[in-house]
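Taking it in order: structure first as structure tokens, then the write-up.
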Amino acid sequence: MLSDHDKWYIERITPELVQMSSIDGVLYSGKSKYQSVEVLENGCFGRCLVLDGKTQSAQSDEFIYHQSLVQPTMIAHPNPEKVFIAGGGEGATAREVLRHNTVKQVVMVDLDQEVVEICQKYLPEHHQGAFEDARLTLKFDDASAYLRDTDERFDVIVLDLSDPMDGGPAYLLYTLDFYTMVRDRLAPGGLMVTQSGPASLINHTEVFTAINYTLNQLFPTVAPYSAHIQSFGETWGFNVASLGPNPADLTPDDVDARLKQRGIGPMDFYDGVTNQSIFAMPAYLRAGIAAETRTITAENPLFIF
Amino acid sequence: MLSDHDKWYIERITPELVQMSSIDGVLYSGKSKYQSVEVLENGCFGRCLVLDGKTQSAQSDEFIYHQSLVQPTMIAHPNPEKVFIAGGGEGATAREVLRHNTVKQVVMVDLDQEVVEICQKYLPEHHQGAFEDARLTLKFDDASAYLRDTDERFDVIVLDLSDPMDGGPAYLLYTLDFYTMVRDRLAPGGLMVTQSGPASLINHTEVFTAINYTLNQLFPTVAPYSAHIQSFGETWGFNVASLGPNPADLTPDDVDARLKQRGIGPMDFYDGVTNQSIFAMPAYLRAGIAAETRTITAENPLFIF
Amino acid sequence: MLSDHDKWYIERITPELVQMSSIDGVLYSGKSKYQSVEVLENGCFGRCLVLDGKTQSAQSDEFIYHQSLVQPTMIAHPNPEKVFIAGGGEGATAREVLRHNTVKQVVMVDLDQEVVEICQKYLPEHHQGAFEDARLTLKFDDASAYLRDTDERFDVIVLDLSDPMDGGPAYLLYTLDFYTMVRDRLAPGGLMVTQSGPASLINHTEVFTAINYTLNQLFPTVAPYSAHIQSFGETWGFNVASLGPNPADLTPDDVDARLKQRGIGPMDFYDGVTNQSIFAMPAYLRAGIAAETRTITAENPLFIF
Amino acid sequence: MLSDHDKWYIERITPELVQMSSIDGVLYSGKSKYQSVEVLENGCFGRCLVLDGKTQSAQSDEFIYHQSLVQPTMIAHPNPEKVFIAGGGEGATAREVLRHNTVKQVVMVDLDQEVVEICQKYLPEHHQGAFEDARLTLKFDDASAYLRDTDERFDVIVLDLSDPMDGGPAYLLYTLDFYTMVRDRLAPGGLMVTQSGPASLINHTEVFTAINYTLNQLFPTVAPYSAHIQSFGETWGFNVASLGPNPADLTPDDVDARLKQRGIGPMDFYDGVTNQSIFAMPAYLRAGIAAETRTITAENPLFIF
């Protein structure tokens, strides 16, 4: 036994770094059509969704991840009515989008129906009823194919995809090619945001900085930002790309005023001060962004450990 | 083997959370008069000092820890000439203090001579010659006894002590009693700063918030802040307490101008933007600070896991 | 991930030795009146019963443990009709006893009804219907109290108890006092056998040799023996104490003839050759037995790590 | 920390089974021309030689491994004068051979001079002066090439090679082709013995049984046997192949008389009783041997995990 625990979840962060957290129970363990799927009751982080051996989100701190991913972009748009979500199987990304009283329609396209159904069953604290919201349309499809074929235009597009892994289903959705299509599906002044992999000191150049560089080929405004997600064992990176305003330019008071206006009460992570903090990255991350020169394409994709 | 590694350093963060990192070599392993001491060559974090099984600092990211600890306070003081350091055995805290061309005298008092000598020998990348600086006076003593008996007054006092652990040597240096004495050894307008334990979501109320509350009983201005230190497996907390200016009030331009004025070139972590970021903590940390009501005293000390 | 696995069961063998095996599922995890109880689907060892963080038996190699525990003693007795089992919650000890066509009555007394019911439900490969055998009487009681109060005498008594642990329920059942009562409940020529903790090089003097020494105070014949049980991470020890024949004296042919006579077909572990092997322990174990001088009593009990 | 230890050696036994033991120090860590080489001071097992991440032998229980490997074969031969050792870098195999006062010449051929020199320096408890014995001739060469080119004939040949691993240097020395040459280098009535990989329940069919089957194609007498080596996390397998006597046929008294006659005092593992025990394997190992049909050849080699 390690202390009082004998069942442990072990996740490799890098080949030289491993995080172990105790397991209280295994609620689900199986394989979907696309990936291995587990729902664990974790002694440290509560209920966790694990895909292909990587924690996607944990009950205790998913609010940090999902508010980081969604809120700066939603707040920056003056009137987000139509929102597209690629991925987001836990329903928590939709939950964050739907907080905004401006939102009229959310289209969420996730590849893996089994994962979504497992989340609906086992992760009620994640989705909190988002799947029942009448404004949400849920489709099981390849987000890339959906966007290619649609005539719709969106105010905000949120990319909440699993990491780009060699052999995985998502890596093509982290390329110039895909981002070009995403840009073209934005309404005038629209914004897209993508989770962008780890942004810790040791691995921020894996994909975080290259995603930033790639988006900079396509958008007039791109803002990188980061937040520490302990269940990931990492500071995590995000990039917002905009045809309109830049969330990093909002003052704390701007953000807090808009949150109030949108009918959003106090949240545990995000508000005006937090918005200021997450875009003000430490010098080594700014230096990493500045030094990056790689454009990710379908021909030259990047993979994460 | 885990991947290519078969030697691992395992550190418990909480009873339910453990961090493993690969070991390339054990440079030193022994016991000093006060504690177990190890210097490891870590595959992920470079050379690490480990006391009583807890990582004190790692070559790869000690700059984040030590610049966080030292720079906001040093920059906030308009003219820091006399500085006192309690602990700081690696020499890196002194290194950061000595960057400032205003500094005329640094008194560093560390309890454990053996640890300091081990650091001098094995951690050259940490101290980078700080021990040879003529402005530094190094004494091996109890910092509390030294401060009690001295007539000197300091512009800045930096508390770089090991965590308050039950049975450990440092826990009395995290109390109202000690902080009162520290305050009384500050020159007019002086500031003190203390490392304040973990400030992650899961454990920021262990000691971080209580140290803040305790300092608030004694100082007109107290500012909590935090930074992610991956080798600790944590976001780490700090509290600066001031009889004069508040580092959190400095604008990025203020900070950058002063750094230039003090003869300090670009650093990998700290600058004006970083200063803004570290004081702008996420909502849950601000809420934890706001909700705290515990005063730490010698009679009612707090201990860390 | 360690290879393809991310969920691991971790058991300390000694403070310096730990065994990790992958977990495929957690079938049961809870606390009974007496102990923590888990049934794990282990990737290496199949279904395992874990009590208070210690593997009691595993589907893949429980046959080694249970045939070691039961068969030498049963075979040595010329006509075992009445058998008493203390503990044995998985039902596998009863299964092994009931193989013998001489057996008319088995009384099994286990303290922990919840554990037995969990085993009945989750460990069908362990008990294989033994609980349904009409010759078996199952009682939930303290084995010591039951033996104290009974007028019955038994040909064979099998002690299949959890290890003697400080604060645990079983340590008094590893003492001179208890063994005296056990001896007095044996019919003329009867034998008792007890699992006796680890018998590896590193820990055979924990309790294995002392149990042997203690039984030697009470019985004319005591024979120690051992077998490697990989799911325990150990060679495991046993001691048989006899008022009649010594199982170690049986030739392989004797054993094989009796097995045939009792209607027992080929087993995966035990037969005449195996009987010879397990009693012929390596020199260091024989030396440990010879050097032992501790008698375990209720006043001076021994505990296992 | 796991208990009082924070540095751990982690070795995979199978993809589903891992052994962890505490590290007190790293005496050597590097790469030779052929393999990675480490000498660890292990908290459980003392000084250990680790090649390519696999424990080769440990101070605490190497006597079990080396006496198992060497003694049955040496004792079975009526007058072993000339002995060949392939591998055996720690010098402990030579040590065991040289105990026999009949021995006039030992030729030891190890591929890796660096490993041997590291063992000479760091593992004095292993070799115990064997390298200084005038009867020993040590050569650094491929054992296969040496045997091919030599005119010498040996009474006993001991193969103490690292496991057959894909890409490793030794796998061709576990084939019918090599064993044929070994046989042809034996003097009349000679014997060879080879370490034969794990012989635990879970993995005895990896190579142990196939080596046995392969040797049976070439020798009139082949005897498999096994012993539990806890530092390997396994029961380990060996096969002796003989042109003359079978060690398994010796009675305990035969063995003890010969040991005395050879001038060999009491050993911690091997004697007459132990000889009887190690050849009397449990039924599942005998069944595995009986069921094996694979001949290992250079064209169809076998590899261990």
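Here are a few things to note about the model shown:
Chains here go by letter, A, B, C and D, matching the order in which they are written, and residues are numbered from 1 within each.
Just so it is clear, a residue touches a chain if its C-beta (ideal position, glycine included) is under 8 Å from a C-beta of that chain, and two chains touch if they have at least 3 such contacts.
Keep in mind that this is a model prediction, so the values were computed, not measured.
A straight line joining the Cα centres of subunit A and subunit C is 53 Å long.
Between subunit A and subunit D, the centres computed from C-alpha atoms are 54 Å apart. If each chain is reduced to the centroid of its CA atoms, subunit A and subunit B end up 33 Å from each other.
Along subunit C, residues 2, 4-5, 8, 12 each make contact with two or more other chains. With chains as nodes and touching pairs as edges, the resulting graph is a single ring in which every chain has exactly two contacts. Pairwise chain contacts in this structure: A-B, A-C, B-D, C-D. The touching residues of subunit A, when paired with subunit C in their complex, are 1-2, 4-12, 23-26, 29, 38, 40, 50, 53.
Residue ranges of subunit D in contact with subunit C, taken from their complex: 2-5, 8, 12, 14-22, 42-44, 60-61, 64, 200-202, 227-228, 230, 233-235, 266-271, 273-274, 276-277, 280-284, 286-287.
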